[in-house]
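Across the two complexes that follow, chain A remains constant while its partner is chain B and subsequently chain C.
Up next is the complex of A and B:
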């Protein structure tokens, strides 16, 4: 019998081992201490997420890790343990390295461009102009269009022989361009990515509206120019918002699937038709899984990407120190938070 | 943290969550393994059998109606290769699966994923061996080649996929004679025709002279090589050889075709994904598609009036006219309801759905007895039927490798050929690249298969 049980018996029931026949005296049930009730509520509310995380994230991650050490093709009966062979191939396969490089270049172009364009649009629609709401809606609308729909529209617009883009060039007697194949396909994809710049605009706009007016007015009274106000007040106060966009933008861009949506169809057959300049890392992963049936190798690719994302994110956090200004220091959040029911 | 005897500790909580998560992961598999009347197919046991059918949306109502007549509930899953792979890997496959007999059969059969249907065929009074069209041999695989061994599936209908449809209005405008109904063109003649029929403006092709893509580039090169008397695959199906004189000739032709820019190709794919919208819009003069294309043509009276059918072009003297699809259905080995699935299979292939398909003109029926139902009402249908009947003599089965999927080989082609087309690389160098990359892919597949 454990100490806990003894304690329970003594405190909860009031019975003792020497009088087993006597019925326990009924005492009014005391409510559980607040700390326990709070803990219970915490577990009740988090359990669905934890189950979801374990079943849909932790288990697949673990399974993919196991697959990455095998030559599994998903269907063949003779799956064999190959050790680190798949990982060795990841770093020696020129196609993988090229796709990683292309993804990096794409990220280096689209993330800053997207943040800059979003910020510019946010500054514009934050001005006290007429029909400001209409402009905000119009600029945000493309971000609401499902990516598949946007990709289809772009395919139709940029089709070499029947697309609107070449139809426009035709008016000026300019030769048509094969937009959807190399070397132009990359630029069409960048345009497609910029199409959803409304997302960044909304986030930056929220950040702009959070900046206290008094600060800008004080700067103006002190003789600061609009650029000085923007660069010395607005930008520093927006830095947490920009930092958030940098981190999520980089992670999203490294995982982008957009080229597949612009191919003939987002299927194993369609992935084979993605132009080389848009053959990014995740497209390579999809092709290895479903076009080539190399589950083991594709799983190793995914784990490498996971590691790259972790390293990149860690580096961004390290490098951003001193460049991101919080109106409330994050360190303060480390102190014990006040919660509902707190006696203080 | 142990809060107290009455509350849940963090470790217990995590352990319980992990247990629940594992259960959540395993439950779908358990649910699927519940056999709710596999021996039936009807409602004899008091329970309604549910079959999972994976097919394209246009077949949903057909299967649902056939299932209703048999007292079988249909759980329809849209055709999705990635989902199928996942379901097969989880040993929880659909009960009936749509597939390409010509290229899927060796791959899935070699991995032991397809149910041997010979015992069912032997007992069937609906699908008799004497009535089954020879094209269904592509659904057989003996471990080494197609056309022999157990029957794993059946074609819903089929076509000889390198035959040609052309628009007479465009031929007349270009002052060209209509094509022969019996004598095939050579590929060189076809290329010349394509060049003559192509119309351009400012770097854009306004009218494609010829679409040669059909059902994919690899299969096209495979058929061309065979018609020149060669074979892309080695006898053991473990390697491809694009360097043989016959394969090089086919490759050279394709490079010329793509460089001539007279039709959709790997360097300039058709955004529609297939030929019909372009053909219908009067922007394509010749389309290399099988009899099935007539189903689309039959739906547009104006296009039907100016459309005609012609034999498959030949690269050499070995006249053949293969089928690269033979799209049909198979029953996975791990299906939990094989008997009921067979009943539905029989109804679909031998009942009213089969008759309706035969009359629809979307392919040649896979039962010989249904051939008389092929549409012959309009002039274009009569002409197509006549040409098709003649072409049947030249049908042959081309064996595909069991070690990799067609998509993997097409992926290599799409990687290598666009550069070669733009860079004007010689066919010999392209052949070496294709050999190297494809054989590596096949070797990896062989290793996984054991």
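Up next is the complex of A and C:
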């Protein structure tokens, strides 16, 4: 069908063959039929993005792929191909494997925890209670804080001498915990990540508000307990929203460089200040690029991470078939304005 | 009775969570009001005994705070305006026009929304370095001009739902598509424009990693300078000054959010709809 339109355009026979509803555009004054002009306009409107995608996304990725087969260091002019040498090193370097494992553990903890907590909060602020608009707004507020601001705030709370956390623990005679170094730094990072749980809450809340009220009402009339209607109606209808959070959560978490912001010297080359328990994969990438100048090896690391993210995303899509329940085709779903304020 | 106790459980859970979630803001403000001797006090002071605003003047003067704020503001405004216009432009094409290959291009657009951003950033930085665009604002101009997939999607959703008659009347009058977009569709889409401006502005204002890679110390943004700038001669961070600087950096964003929360939230929750 679409190639047919192209041939029509090339042959200059107009669109009469494929669209019987429109009269053949044979008037000599008209330069091109409406449909062809619309097609041209489509390319005019979308070409800036396509160029941007090719130049600012596709090309850099390809450039990194090329670098990953070389021994480039960003300085010396005699860069040469080393074949798969960098990739061999990725899989034999214990530091790489450890950082990958740490990132995986962090993801396995924070993503499910964040989704669960977000869902719980969404259910709570969806109850018919007073001032729920205020609760929604204030619970979401931390998610608006820029990452640097959030990291600095948590550094102050968990400061060994002047932080509130140790001040609180003092009451229980626990003194001077060094939160920002091993082995506690990972817990501070998890708490920092959980501070933005409002993101998940808002997305789950939007999903909850989309559930037809009649369904839940009917279930109650039929004698379903609150838990039954939650697990049999709400949860299945919410599954696309949860699925979305799983995918974006994992993608975001695997490439997080938040430990850098939490470290003592938060600069791309200052990765040496990151405590070992927070030495994630992306931190390792920064270290190889900006502290060691090993562009080739670091690019191989990036591509390994990219491949892992692609495979994980693909697997989630595959495994979730049957578990994710679309009541309406997403394309057909009418988007309606959603607000955090009280809609009662 | 059971309804009542259920409701009070909800309140208790919510208030408890809220206290926990808002307490970091409280500690930030308290720390910002302490002088350095009080900061070191043991046991710690839960409330500053001599609250003073000296940290704020120090935060403003220890480095050229307003200068770096201006850098942030320039980059964020430049990016927000360009990316909003460019995203509306592309969103219109995806919403209202048909052409061979549209499905494929739209599919690529949707998958780039999933593409890990930090992974492409480092090679992009190397590319900009080769093109001598490091230490200029050109990367943000280019990022802006190509539009953001997520915002394109937002505009596309909005334009798709606008009535067909709008366009048909204009076509009868002999309007081209560019004029239809510019004169008819864009002026009607101010809610999305506002959402897009706010979202892109706050992304850029909060972004740390792109300016840290692309700009040197003199030209960098407030986010980067804030993370590293407040240290004493021994390289130790001055907690109370950091707190004051962070308050001044975070409060405008929170205020913008609280004023414009409707647009903000509708934009964010639409991303969960896909």
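Worth a mention:
Just so we're on the same page, the second predicted complex is superposed on the first by the 294 of 344 C-alpha atoms of A that agree within 3 Å, B and C clash if a C-alpha of one lies under 4 Å from a C-alpha of the other, contacts with A are read in each partner's own complex, and residues count from 1 in each chain.
Please note the rule applied: contacts are C-beta pairs under 8 Å (C-beta built on N, C-alpha and C of every residue); 3 or more make two chains touch, one makes a residue touch a chain.
Please read all numbers here as calculations on a predicted model, not as lab measurements.
With chain A as the common reference, the superposed partners chain B and chain C clash.
Once chain A of one complex is fitted onto chain A of the other, the partner contacts of A:51 extend to both chain B and chain C.
By the touch criterion stated above, A:77 is placed in contact with chain B alone, chain C being left untouched. In the superposition on chain A, contact of A:182 is made with chain B only, not with chain C. In the superposition on chain A, contact of A:245 is made with chain C only, not with chain B. By the touch criterion defined above, A:293 lies against chain B but remains apart from chain C after alignment on the C-alpha atoms of chain A. Once chain A of one complex is fitted onto chain A of the other, the partner contacts of A:322 are absent, as it touches neither chain B nor chain C.
Of the two partner chains placed by the overlay, only chain C lies in contact with A:147; chain B stays clear of it.
In the superposition on chain A, A:223 makes contact with neither chain B nor chain C. Legend: residue contacts after superposition of the two complexes on their common chain; A:160 is shown touching chain B, with no touch to chain C. For chain A, the partner with contacts to more residues, out of chain B and chain C, is C.
Shared contact residues of chain A, touching chain B in one structure and chain C in the other: 5, 35, 39-40, 43, 50-53, 55, 59, 74, 155-156, 159, 161-162, 166, 170, 264-265, 267-268, 289, 295. Residues 3-8, 13-14, 17-18, 20-22, 24-25, 80-82, 85-86, 88-89, 108, 111-113, 201-206, 216, 266-269, 271, 273, 283, 404-405, 407-408, 410-411, 413-415, 418-419, 441, 444-445, 447-450 of chain B are the ones that touch chain A when the two sit in their complex.
Those residues of chain A that touch chain C in the complex are listed here as 2-3, 5-6, 34-35, 37-46, 48-53, 55-57, 59-61, 63-64, 67, 74, 121, 124-125, 127, 129, 135, 137-142, 144-157, 159, 161-164, 166-167, 170, 195, 197-199, 202-207, 241, 244-245, 247-248, 251, 254-255, 257, 261, 264-268, 282, 285, 289, 295, 298-299, 302, 305-306, 309, 313, 330, 333-335, 337-341.
Those residues of chain A whose C-beta lies close enough to touch chain B in the complex are 4-5, 7-8, 32, 35-36, 39-40, 43, 47, 50-55, 58-59, 71-80, 155-156, 159-162, 166, 169-170, 173-178, 180-182, 264-265, 267-269, 271-273, 275-276, 287, 289-295.
Residue ranges on chain C touching chain A, taken from their complex, read 7, 10-11, 13-14, 17-18, 21-25, 27-28, 31, 39-40, 42-44, 46, 86, 89-90, 92-94, 97-103, 105, 108-109, 112, 114-120, 122-124, 126-127, 142-143, 145-147, 149, 152, 157-158, 161, 171, 176-178, 181, 191, 202, 205-206, 208-209, 212-213, 223-224, 226-228, 237, 239, 242-243, 246, 249-250, 253-254, 257-258, 261-262, 264-266, 268-274.
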